[in-house]
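The following pair of complexes shares a single chain, subunit A, combined with subunit B in the former and subunit C in the latter.
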Partner chain A sequence: MTTPENMTPDRPGPAPVDLTWTANPGGPVSQWIDNHARQLFIMPAVLMILVFSIFPLVASLIIAFSRIRLRGGGYQVRFVGWKNFEKQIFGSEQFHFLGTFTQMSVVGWMVGLSVTGLILWWMYKYVTTQFTVVGFIGRLITASVTIAIAFMFAATFFSGNPFGTLGVTLFYVFVGCGVQFLIGLGLAFLCSQQIRGRNFFRVAFFIPMMITPIGVGYVFRMLADTTKGPFTPLWQGLGLKDFAWATDPWAARVFIVIGDSWQWIPFVFIILLAAFENVPRDYVEAAEMDGAGSWQIFREITWPQVLPVAVTVMLIRVIEAFKIVDLPNIMTSGGPGIATESMSLHSFFAWRALDLGQSAAIAYLLLFVTVVICVSFFNLIVLNRMRQND
Partner chain B sequence: MKTTFKSLLTGAMAAAMMTGASTATAGEFDGVTVNILTRPGPVIAGRLVDRGKEFTEMTGAEIRVNEVPFAEIFQKLLTDWATGTNSIDVGVFASGWAVELVDGGLVENLDPYIAKDDKINFDDIAPYFREFNQKIGGSTYLITVDGDFQMLYYRRDILEKIGMEPPATWDDYMKVAEAMHGMDMNGDGEADYGSCIFKKRNAQSYFAIGSIAAGFSQTQGTGEGLWFDPETMKPKINNAAWAEAFRVYKDTGKFAPADELNQDIGDTRALVQAGRCGLVIDWGDIGPLSIDEAGAAIKDKMGAVIMPGSPMVLDADSNTLVQCDATRCPHATNGVNHAPYAAFGGWAGAINQKSDQKVKDAAYAFLSYVNQAEQSNVDVTMGWTGYNPYRNSQLNDTTKWIEAGFSPEFADNYLGAIKDSLNHPNMASDVRIPGAQQYTGVVLDRELARFLAGEITAEQALANIEEGWEEITEDFDRESQAQMYKLSLGITN
Partner chain C sequence: MTERTLYQRLFEPPRINQMAIGTKVVVYGLLLIWSAVVLFPIYWLLITSVKSAADVNGGPVYIPFVDFTPSLHAWRELFVVDYEDTLRAYFNSIIISLAATLLSTLIGSMAAYALARVKYAPNLVTVLIFAILMIITFVSIGIYGVDWRLVIASALAVFFFLMKAVSSRVKIPLKNGDILFWMISQRILAPIVVVVPIYMMFQTVRMLDTHLAIILTYAVVNLPIVVWLMYDFFTSIPRDLEESAQLDGATMFMTFREVVLPLSKAGLAATTLLVMILSWNEYLLALFLSTAKAQTMPILVAAMNAGERGILWWSMSAVIVVMIIPVVFMAVVLQRYISKGILLGAVKG
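Showing the complex of A and B:
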């Protein structure tokens, strides 16, 4: 606590400024300020978050439950309850968001029921060993979403039906991030070794991340063109002259994942490289002295040191990947049909047509799926692992 | 070629200055700035910039052309005008989008301005654009800068070689496309394509399907309406005519590039200019593009004809296609019903009602200047401008076209095809009601893409479109939508 006494300089010098009005412990204003100093200091940051983060979040939530029309004089907002969400999950847009549901195949039933069985067994194990109310609720949400997604794929992909933008997004997230992690990890490990020209490779591997995603989209669209692109002779040589990747749903999705991976492997690479280089040399040297092999050193010393960074980088990457929009927009415009349309692109197309309610509803559905998957990943895998290490 | 363009441009500028082509006078708009929003140049925007400089010299008004991606023009404009931001004074966009803006009370009624304008000569504008495209509810809200409708283009030299006639029906189209497919049409030793029609999603495919469906569906003239029943707003899409159009559109892919599903208009035009396409559906641009430097492979080799039609048209009661007769197809030619489709309707300028009066005056004077025959008759002959003919004087005199580089034979052929389409009493109008982009650009486009990709059948796609359209209609209010649709078709009762 500052007082007039301890603010007075002991040594001779310039005349002290009269601060008594601010420091008067008896004044009601200064008393109030003093009592609320913490709140006042934190206020600017809180206001910034409220204005730039919370307000848009609340506003978009309101939009998600409304139909909006722009007219002379401003917006015309009509509250429609859950209608925008209903349309996506049960209504005319179900095929677009979840997929086309017809008869479920035997394989579909097997997949759906197997996943359900595994999840129920996992829940049973949890309830009988380490039950807490909060943990149970969290796991219940994770289990419900996992079973729902499993049945969605069972009824679409495993039953010969096209899946919707949710399935496409999950494909980009899990396949794309998986590829990016494995290649990024491998490259980072290689560049952390004492190999010739490693500085060159470090820069070369990092460049793609600095290119705008729109540029990447156009470049890959051109590279993958089998009739006019620079690799046309190669495609022709492989007998693919008349093959059009963009007209085949799986080929188009794979090409988008390749483009996305090309751009984002450097992100995984650069962070994991830093992690590899931070592994204490003396640990490794000690292991070598003890006669450990390369694989043993990697598994027992390097990997545990790198793991926390790897988990963090993948969490960031997964969150980013859920929002993929540029590449499918540029490379295929979501086609053929809706085969490469991600949820973000789905939301963007609705927004572009001024269907703001649908656009916001899709954005919230995306937020829900992202939060459930990322929180589940962090709580159930990362924290569990950390607890085990402790 | 460049010299020709330059001399034409200089001549036009000089003529404009000398005759005082605009209604504005020197220095009248000193200090006034007109902000225009349109698509990225050079197409459409580029010529507005050029004409803007001339206009500034003539009147003192500064013309600023702001460019945004095509798909965002309407959204940005509506947001700007509806929320009262009003940073844009003029929108140059698809004429069909204006209905929603007019419905929201955001667009200036141009009737009083036109009444005082002795230079614009509205009677010279082709009837469809004058009476349907520029007007909403009987009043003019738009000034056309580009007349848009689709036609069929063919390689005249190849057709002569194989001894076939330009297609008049879609059956003919398939036969000709099949005959041409695989021929080397540009002498590069590679097999080329019988048909090129953009099919990419979220691009222009919903315009192409409209052009195909119109001939099967609309028979009684523009006022019949291609899209909805004007009384009930029930979609006229889940029927045999559209199912046939969907199948025709997909079947054209048999004689097309392998990646046609991922080609938009830019891709197909590049192929056309490279001499790789036998038959093409496009707006009026192919004519001027064929005399462009990049179009050397097709110079004097293209022909144009009204969009193919069908001798079999929809009988709504039985939901089947039946043979045309005098009652059923009153506008048929040789028993074939044609319905040239005013896809997109053309680029047109609308003025923000909330702009200052002086700015509105300057904005109108500028739009009038661009539209007047002295300027537009030159602009439409240049491929890069993206401006297609919409005035009779642009069609009746081939001189400027020949000066621009057309051969007299192609100028006659090209302008003849345009005249056949523009003056056709059965011209099909685009969707010009609130939510137009949702009806066609989202729902129709998406279902068409799914059908083309083999995800669903034509019948499933059409049922989905019907359901989606009904939802949009309900959302916007059926009665007001019906009223707007009637007005867009010129039905005033």
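Showing the complex of A and C:
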């Protein structure tokens, strides 16, 4: 995409062609290295990932199924089966992870059932039109997780009960990423117009990404302070002097989404700006000649070129957003109560209380939700689009 | 010439490549509003770092020399009184993020290049056997404390035995796409999922609170991003030059170093910058892996929340400002290589 103008990729595309390299006529060592270059190029990465993620993943799994007692410098591992997970999903920690379930309200039932209906209809359409076994199993997992999450929201949010950390995390991910995408897209579009001072805007808009998330947390805590922050006169004018962000669950959540968006809009912005600038000028000018309106030009010419980048950037953002931990930790410490606690933070607090088994179990639940949502997103949206293009 | 309505005069461009006056006002207005949104918190950081405690706690004051007299007490505390802690954290951060960035960019782009240009067909069975044996090795050493020499020797023996016995008969070749997907999917792992075992791992080899431990961890955590971005970049550059280098008898390493890397400056610069920012700002892993010697700047920021005395807003602002400077410097340096802005190109659909 950043190919210089004088070099057009004559044979682009991901299909690798096996080039045959020769060996350097040197000593036996360098010859051996050259002959095994193919393996040596990829092995460091493979080994590092194996050591640093496969092993921890398995060790975490073992911890998640055990109770660990620390005693005098060492630790003792006892296998307890599904107990840690049961406690989170059905047991005494249910309110913490899923939310408080009491009677479901009418609205709750309506939301839950309509989502279920939609998902079932979507599955039915898939089965009758383009059935494959792997695709079916994948969609089955996506569908059941979606329905489970829908009922979780139906029983908590739509029935007026408090959320658990799962709901909070999903709120951060979907509302946060949505806001970041819309504002990032808008800014990138504005900056791609023929304007003066483009370099200034580009650099200025990038700055928030350079600040450490911890720092962003403190900065926003400072800004939102109703007695010391810069907006104090405003709060006083509105009669909200005694209003504390950190005591209202929704205000606190929105506050964290604002901080997170402030930090990550630059990322979306800078990549989408590149995509907008890559749209060939001639296309746009030709369309202008033909008298197309600006909305029409955007929809017919610019958007199709930007869309693939937009999808990738959102996938990256969604993956990263699930890991949110620093901001809620700093800005509200997860409070009031558990209202702003993300799953990462939940796991972190469990670790701090030396409950390693619960901590690992929550981490695994987070991993499960993230994998299902990201892989569904990738398979159903990215791959689908690629297939349509072929 | 027909009479133009007010709407047309304001919002319809008089000529191609020109904006109507109304559009101009809206566009610049929005851009300036967002500039304020972005820059105001930075401004607030800067002035808070030169405020005295009384100025911070007594209610908001906005303009130095007008509203309040700036004092450098926070900066003095940071660089004169506690200079040892500050400078140590600063150098730690610089060493760790530079080394981690270099390591992951190098290893990641080599792997990405290989995936873009070489056809791999590893046998799934071999890979699985290897992975399972490795897991058993680690678990028995790390959790059950069996002697490591014994475990590794027997694991190797079993591996070669099973390779002869099973892998040569059952062949399920993987494709490059599978390897790529596996590498990229590692980014989905939240640090919190892996941090406790990584902590235990470094504890076993007595490497906690060392630079190397954090460098390795950061390098691996960012490896998927490097592979993702650089793979997309390498597939978009033309293959001609590499083919002619190859005809001239260049080895794969030579081709990579002399031909491919110089061609990929833009992608490399963008990736380096992103990885650099991510490792410079990382907090959670550093919190687990360092106690004193290897502490990084984000930990120092968090340490400004000093318990009973409350948050030392002025010192914290100063630390954050100090932390931004090297990143801005890197961005400016790398910007030269990135033809169309920052972080371009490498990302495409």
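In the analysis below, the second predicted complex is superposed on the first by the 340 of 390 C-alpha atoms of A that agree within 3 Å, B and C clash if a C-alpha of one lies under 4 Å from a C-alpha of the other, contacts with A are read in each partner's own complex, and residues count from 1 in each chain.
The definition used in the following text is that contacts are C-beta pairs under 8 Å (C-beta built on N, C-alpha and C of every residue); 3 or more make two chains touch, one makes a residue touch a chain.
From a predicted model like this one, the values you see are computed outputs, not experimental measurements.
Colleague: When the two structures are overlaid on chain A, which partner does A:155 contact: first (subunit B), second (subunit C), both, or neither?
Modeller: So A:155 meets neither subunit B nor subunit C here.
Colleague: Does subunit B (first) or subunit C (second) touch A:98, or do both, or does neither?
Modeller: neither
Colleague: If we overlay the two complexes on their shared chain A, which of subunit B and subunit C does A:218 touch? Say first, second, both or neither.
Modeller: second
Colleague: Look at A:187 in the shared chain and tell me whether it touches subunit B only, subunit C only, both, or neither; answer first, second, both or neither.
Modeller: A:187 sits against subunit C, while subunit B stays out of touch.
Colleague: Would you check which partner chain A:177 touches, where first means subunit B only, second means subunit C only, and both and neither mean what they say?
Modeller: Touch partners of A:177: none, neither subunit B nor subunit C.
Colleague: Tell me which partner A:369 touches in the superposition: subunit B (first), subunit C (second), both or neither.
Modeller: neither
Colleague: Which partner does A:227 reach: the first (subunit B), the second (subunit C), both, or neither?
Modeller: The answer is both, since A:227 touches subunit B and subunit C.
Colleague: For A:54 in the superposed arrangement: first (subunit B), second (subunit C), both or neither?
Modeller: second
Colleague: Mind working out whether A:285 is in touch with subunit B, subunit C, both or neither, as first, second, both or neither?
Modeller: Second partner only, subunit C.
Colleague: For subunit A, which side has the bigger count of touched residues, subunit B or subunit C?
Modeller: C
Colleague: Shared contact residues on subunit A for subunit B and subunit C?
Modeller: 227, 351
Colleague: Mind pulling up the subunit C residues that touch subunit A in the complex?
Modeller: Touch residues, subunit C against subunit A: 16-19, 27-28, 30-31, 34-35, 37-42, 44-45, 48, 56-57, 59-60, 62, 107-108, 110-111, 113-120, 131, 134-135, 138-139, 142-143, 176-177, 179, 182-183, 185-198, 200-201, 216-217, 219-221, 223-224, 227, 232-233, 235-240, 242-243, 246, 249-256, 266-267, 277, 280-281, 283-284, 297-298, 301-302, 304-305, 311, 313, 316, 319-320, 323-324, 327-328, 331, 338-349.
Colleague: Report the residues of subunit A in contact with subunit B in the complex, numbered from low to high.
Modeller: Against subunit B, the touching part of subunit A is residues 67, 69-75, 87, 92, 95-96, 100, 162, 225-227, 241-247, 249, 332-339, 349-355.
Colleague: Subunit A touches which residues of subunit B in the complex?
Modeller: Interface residues on subunit B, with respect to subunit A: 71-72, 74-75, 78-79, 81-84, 103-106, 200-203, 257-262, 353, 437-438, 441-442, 446, 449-456, 464, 467-468, 471, 475-476.
Colleague: So in the complex, the part of subunit A that touches subunit C is made up of which residues?
Modeller: Contacts found on subunit A: 1-4, 7-14, 16-24, 33-34, 37-38, 41-42, 44-46, 48-60, 62-63, 77, 183, 186-187, 190-191, 193-195, 201-215, 218-223, 227-233, 262, 266-267, 270-271, 273-274, 277-278, 285, 288-289, 307-309, 311-313, 316, 319, 322-323, 325-326, 330, 344, 347-348, 351, 356, 359-360, 363-364, 366-367, 370-371, 374, 382, 385-386.
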